[in-house]
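Below: one structure, written as structure tokens.
Labels A, B and C are assigned to the chains in the order they are written; within every chain, residues are numbered from 1.
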Amino acid sequence: MKNSPIADLSYRHYDGPLNGGATRWWSIAKLSIQLAMKKKGFWVWAVLSGYWYYILLAVFWFVESFIPSPVPGKHPLLSAIIWKDQFSNAFNISQLLLFVIALLIGTGTIANDNRANALLVYLSKPCTKLDYIIGKWMGVFIPITIVSLIPTLFFFAYGGLSFQEYGFISDWWLLPKLVLICCLPGALHASLCIGISSLFNQGRIAGAVYSGLFFLPWFFTKAMQVVYVVLSNNDNPKGKASLKFVGNLYYASMDGIQIGVSKAILNTGGSALFPGGGSPRGTQFVPIPPPNGTAITVIFIAICVIFSGIAWLRVRAVEVV
Amino acid sequence: MIELQNTSRWYGQVIGVNDVTAKITPGITALLGMNGSGKTTLIRLITGQLRPTTGRVLVHGMEPFANPEVFKKLGYCPEIDNFYEHYSGRRFVNFMARLSGLTAKQASDKTEELLHWVGMSDRADKSIKGYSKGMRQRIKLAQAMVHNPDIILLDEPLNGLDPVGRHELMSVLEALANQGKTIMVSSHILFEVEQMTRSLLLLHRGRLLATGDLQAIRQLIDKHPHKVRIEAEDARGLASRLSSLPNVISLRIADNNRELHLEVNDPDSFYEALTSIAVDESWPIASFNSPDNNLESVFRYLVEA
Amino acid sequence: MKLIDIKNLTVRYRTFTALRDFSCEIEEGCTGLLGPNGAGKTTFLKTLLGFVTPTEGGGTVLGLNIATDGRMIRQSIGLMPEQECHIPGLTAVGYVAYAGELAGMPADQAIRRAHEVLEYCGLGEARYRNVETFSTGMKQRTKLAQAMIHGPKLLLLDEPTNGLDPTGREDMLSPIRDISHGKGVNVVVSSHLLPDIERVCDRVVVVMGGQLRTQGSIKDLKHLSGRPYDVDLREPNEQFIANLTQQGATVEALKYTSLRVITNREPSESVKLILETAKNCGARVRGLTPAERSLEAAFMEVINS
């Protein structure tokens, strides 16, 4: 039979290697990432998410080319920049775009699986609920973290090479802090997405709910920011007393929490690009101090755990048969 | 009685039913066809849910589309499984009874009667959400019959039932047919359909391919001469004896040397000759039969042509 | 080593006992799993996959303990679930390859084998299309492919022919029969369609009321004692029946024009008698075969006893 000129193309066995369970979550995450990368929108928003850095680069180029330094040597404008605050600004500004990316790639995951009954396939293989949840979580965490990391690290490298004389790297802890900060949106969005997605059968409805959850507090916190600015410019003593409270309310939203933790890590309240510039009172940038570091971190972790927990409970070990 | 006169129905460019002319008389008629051949469209035309794009559909002489007079005479047991899930079975059947015009008292009496008849009296108070497939089928049947219709149309009623459930349903349908009702059953489970009736309506890609009695149809499929399988001790000897018969078209001796597979035309005279040969010439024959004289073979021959 | 060896298995869900002191041994080959709805078949399959912890008793599947080695069992078994299921957004190849990866295959092996298996299941060019665009038959075959991809030695198929038209049924049953006869893969098929079970399986296990009712080869179950014969006539013939009865045979009328005749003589004598009587009475015999119970009839007898 083996030497027959005609091959037997009917069923043959598979006796090849079979991996153990440790890499199961990676197969699941890999699929989510591949599906995400296929979407054109993902790439568009990903590139746009670092736009503060593009602005910075443009501004620096402009300053260096067209505004000559009155004093030979260091440029006073550039000397006044607080570098870590720029990272903070970039992070704050990218929040909205990272949310859009999460909406695009994250909210459909478990919802679509519910509709297609995919869990039957997963559980009939040597794949546990834990593998599934971790795989789905990683499938959202990894792309968002990478999207957040790349422009940040790129700018860090650029700054480290070009602006060292302006005190760019004054604190070597900046790099690990930045990496940590870039992991925040990934973690939060991953938890929220899989939690909300597991509650519904349709990706669209999950997306709508997630948008609602994001935008309603977002309007609230932007309003708080305005209130803060008004109160701090106003000389009313009662206003000043409630300033701290309003300042903390500024962090009461999905992006706010991330901004709060990032500010606590960087230990900064933010600053304008060129602080000390002579803008009239009332339009000056008012830094909002970071909230209590421990408190906001606990809240952040609690949210991640709660929503991941929702996903864990909702993804029932379905009646497979 | 149901009459279709050159009925066609299409959806945009997709043809549902193409120029079908047929009469469906009292008794059980099997509506057969591959998936997508137009069976559900045909049933929807008869139940008045769709209007034919050309041609006419007449139920007891009236057009069924949006015609409550006709609806009173029709019972429809659809394939899909959509109910008001939060209703109990009893409440649902009662609701359907009221919808067909029965008074409150009549409706509740009939509901109880039918629930008893389909064997759901004790289980009908739970909400439909928790019902198994078999229970759902029974409720569907009950609601189709609650207003005592003359005509009952069932789309895949045997799907998902276990053999016990299937037998019960089939005896119910037979009893109804004996009462003179017109029943049309659409099903893929051919061996069950064969038990219920020999009268069929076969659709293929929207067109009517065959209608009438199974045996009559089989006779007419010239392209596939009748197969005969004979088991005998001396198969080769018998083969040479039979090869002289004029209506034997082909002869094949099976691997085990005990079986003959023949193709014949005019099976009637062949079998007569075979019986004579077996008796008069004392040929020992163990068994013989026609392997393709069943619904499944006829279906396959007609559809693949 | 027995394929599946279950001893005194009891499974209790809170107050409801699904399986009670259930013991069975399933041998290699193709076995059918039969039973009415709610008999405990589903629970049995779930237990085989290691999803349910037994309240009492236990057993082994392919030598692995069902209570502790659930994960290993699922790596050595393939399951084709009854319900529709797929991974959204993937082509057939992508889906089956992904299923392979979930079972532990390296990614490159998974793709290669996905193509092989889809070819075997009869999905040609269609494998590059999104699964969501498939017809029911193609979806079912893709489900079969994803069960087979990691080369399991035991396949569990739950209602594989559900919703398929007759051609689709054939397309599904031929690979199943092929794999289990000669290719060394063992199959357990759970289905309500007994002719399909007859087509592919050699043995059956009947479950009812949470217990094992019977298990054995299909041939044995179908066997009828007394060597009766099934006679198919062209049209009814009363004289034929009368004559046979006169000569000491018992004649029972079956569906349409079929008769079951018991003559209490040797087989060759029986055939001779029947054919002679037929010739004398002018009865046109179209079929004469040793009678067997259909599997369905055998099943109903087991259930009702």
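Throughout what follows, a residue touches a chain if its C-beta (ideal position, glycine included) is under 8 Å from a C-beta of that chain, and two chains touch if they have at least 3 such contacts.
Everything numeric here is computed off the predicted structure, so don't read it as measured data.
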- [ ] Please check whether dropping chain A from consideration leaves the other chains as one piece, and if not, give the groups.
- [x] one piece
Open item on the list: If I average the CA coordinates per chain, which chain comes out farthest from chain C?
Closed with: A
- [ ] Point out which chain occupies the most central position, where each centre is the mean of Cα atoms.
- [x] C
TODO: Compute the distance, rounded to whole Å, between the mean C-alpha positions of chain B and chain C.
DONE: 23
Open item on the list: Distance between chain A and chain B based on Cα centroids, please, to the nearest Å.
Closed with: 60
Task: chain A and chain C, separation of their C-alpha mean positions in angstrom - done: 53
- [ ] Could you please specify the touching residues of chain C with respect to chain A in the complex?
- [x] 42, 45-46, 49, 51, 71-72, 74-75, 79, 81-89, 98-99, 101-107, 109, 113, 116, 119-120, 132, 146-147, 149-151, 156, 158, 175, 178-179, 183-185
- [ ] Sort out for me which residues of chain A touch chain C in the complex.
- [x] 9-21, 24, 27-28, 31, 35, 112-113, 115-128, 317, 319-321
Task: Residue numbers on chain C that touch chain B, as the complex places them - done: 35-38, 135-137, 162-169, 192-195, 232, 234, 255-256, 267-268, 271-272, 275-276, 278-279, 284-290, 296, 299-300, 303
TODO: State the interface residues of chain B toward chain C in the complex, per the touch definition above.
DONE: 33-36, 132-134, 159-167, 188-191, 195, 198, 267-268, 271-272, 275-276, 278-279, 282, 284-290, 293, 296, 299-300, 303
